[in-house]
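One structure below.
Order of writing sets the labels: A, B and C. Residues in every chain begin at 1.
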Amino acid sequence: MSLIEVKNLTVCDTRNDEVIVKNVSFSVEKNTCLGIVGESGSGKSMSTKAILGLINPWLKATGSAKLDDVELLDMDKETLRKIRGRRFCMILQDAMTAFDPLYTIGAQMIETLCENTDCTKGEAEQIALEALEKMLICDPEEVMKKYAHQLSGGMLQRCIIGMAMALKPEVIVADEPTTALDSINQREVLEEFKRLRELTGMTLIFISHDLGVVQHLADNVLVMRYGECVEYGKVEQIFKNPQHEYSKYLVDTRIALTKIFREAMCKESNYSC
Amino acid sequence: MLEVKDLYKSYKKQGGSFFSQQKQEVLKGISFTVKKGECLGLIGESGSGKSTLSHLILGLEKPDRGEILMEGEPIKKWLKKHRGEMSVVFQDYTTSVNPRLTIENIIAEPLHALDRGKEAKAIIGELLKKVDLSDKLMGRYPHELSGGQLQRVCVARAISTRPRFIVLDEALSSLDVSIQAQILTLLKDLKQEMDMTYLFIAHDLQTLTNLCDKVLFLYKGNIVERVHSTKLFDAENEYAKRLLASVIVFGQ
Amino acid sequence: MTFWQQLKMDKVAVISLTIITLVLLIGIFAPVVAPHDPLGTDIKIKFADASWSYPFGTDQLGRCILSRLIYGIQTTVMLSLITMAATIIIGTLLGVIAGYARGKVDEVIMRICDVLLSFPSEVMILAIVGMLGPGLGNVVVANIASKWAWYTRMIRSLVIQYTDKNYIRFSKVAGCSGTHIMQKHLFPGVVGDIAVLATLDTGWVILNISTLSFLGLGVQAPTPEWGMMLNEAKNVMTMYPSLMLAPGFAILIIVSAFNFLGDSIRDALDPKHNQQKAVLK
């Protein structure tokens, strides 16, 4: 039995009857990683938000979304909120705006940790510092004292990811978490995701428009377009042998982008061509 | 064409007292040249001073020390004499256009600045075609367009005055990978067609190698490596090597 | 759709604009419209109830309330508008220049504002009127002097937000002159916010003029003025509460009309908002 099972998820805008997500189905086993790829506006974020009950009040989600065989879509708000806090952790897109501009980073991280786990303030501070170090942030004590507007976008993204990982939830839903990061930081963040999965058996849902990143991390992939599921299956299968035209298009574009880089890196046996 | 000599720029440190002279050095002695017709790529992590450098080159800010010469003249003088020959495409397309203006007015603005407003109407249709947009979009507003479309409008606006030098300040970073590929092709074609020189600033290596001839690595305010984009393996600097090794390639 | 077409579509805006225009017209044509002389006293009929010849009754000196209300428009509403207009013009000009030019010009203007803003506005108004002497003209000058600094600062911060936007940077690089940028980008950007600020302040100005009149520094009795009428009615509040109704409602209606109009203007200037409304329809 899968940890998360979604069947025929449909999200509709009640104001103008527009269908944003149409009949999406997928399942996520425990300790696996599902990658959701697609261009902006394809409904990737909306699907996951709908499962977690984080969509706007005028949007209605129908279908079925089960966590451990318990239906989430018709659950009452309070129970859903507890599940969101304890078992899920969502790293939203545009993590830069996830921090309250009025409080320091450190204060918010400690607050989140204390709120969602049973640790004291002192322990929370330690955990937060460790998390920031793992994200390759030099001088984490300084960073904890700063406010959101004083740090660059990339730095804020790393703080948010560090905090999410420090909570050690069962499921992390990461929505485009590495967009503002350069290659080194991006690689480090992805390695950390991998490590955490091995360590804690965490399940990961990773949303991205970059196929390279998804290929690196995910076991299964769901390709979305215009709110519909275009293709769904194992990563090696879909990326090696895409069946649908749109998947082929995404794969080809990505290969073309990488090709020149790989050729430039080729010399003797130093880098794999 | 463009010569940057020994550039220094610092900002006052935030959080210090009112009278504190503590400065944060963002650029520490940057020097490089861009030859005519070349496309130079500048890569660095967020916070390494890339935007500061682009602002200095565009004449929006003044350096503390050092000089920027365009065709032998100081940049500010050159910009006044050669209005419309330098252009820029920014990363954040949502703030790159005035949300109250229609697409037509947005693209026509640089032409109006040069008192060539009358040609605008004729040219805009052509420009939109060049960037692969339908001219039905002329009367629309920015919020009605998708990210990719809006960035294309910014490109159209940038080339409207037939500039000879364009600064692309992380112009592709906010776009989907598939759209990045489209706009990269567009930029390549335009460069050839209009014989332009590019300075491409980014934090993603794969897009850079697609477009640029030379790549400069910027780390903590210094240029640590200069290498040809087809010979990236020649990189010797530690940081540059680390960056190159960490790129996540897509393999089959 | 142009701004005016947008505004016409908004029912609330149309109603507000109609009310304001009507009030202004009545005020301008007060001698024709008013049934009686606003200054004509007749102690015999004081505190009279509403009747055909005195639609709102009479006040404590037997003057026709309706006539006083109508003539009061000239004092209250028109003076407030003049005050607001002058404050906004000065504040906007200085605010945009300070916000766009930055550097020394900005420093100088801001320090002057700082000094002026450190005085509590009521104290400053009293001081200015005290120096210049009582009278309506001086009240207006005092109001303008105390408020322009606040507007300058507000508008300056709005402008600074805009100058950080990439489209302003692009215009600079493209070689657009400073005046062009201010005209095409900055002014339209801040006009919406100014409209809202200004209309909200109109109520404040109206009340300010009345307060000064009450203290004997502004309008001198027996000139009709709404705030003054409210204050006079206050003295007989327990016996004849209805006397407060007419001026009270008048102030309420006109201030509400301005507030709603301000909101509608801001909405009409925002293209995104219009699109959403159109979609929903």
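As a working rule, a residue touches a chain if its C-beta (ideal position, glycine included) is under 8 Å from a C-beta of that chain, and two chains touch if they have at least 3 such contacts.
None of the values given here were measured: they were computed from a predicted structure.
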By C-alpha centroid distance to the whole-protein centroid, which chain wins? B
Sort the other chains by how far their Cα centres are from that of chain C and give me the top one. A
Cα-centroid distance, chain B relative to chain C, in whole angstrom: 46
Distance from the CA centroid of chain A to that of chain C, rounded to the nearest Å? 51
So what's the Cα centroid distance for chain A and chain B, whole Å? 30
Touching at least two other chains at once: which residues of chain A meet that condition? none
The chain C residues in contact with chain B across the complex are 165-167, 169-177, 180, 184-185, 188-189, 269, 271-272, 275
Spell out the part of chain B that touches chain C in their complex, as residue ranges. 55, 58-60, 79-80, 83-84, 86-88, 90, 92, 95-100, 109-110, 112-114, 141, 143-144, 157, 161
Can you tell me which positions in chain B touch chain A when the two form their complex? 14-15, 43-47, 146-147, 173-174, 176-181, 184, 203-207, 209-210, 229-233, 242-252
Quick check: in the complex, which residue numbers of chain A touch chain B? 39-41, 146, 150, 152-155, 179-188, 190, 209-213, 215-216, 239-240, 249-251, 253-258, 260-267, 270-271
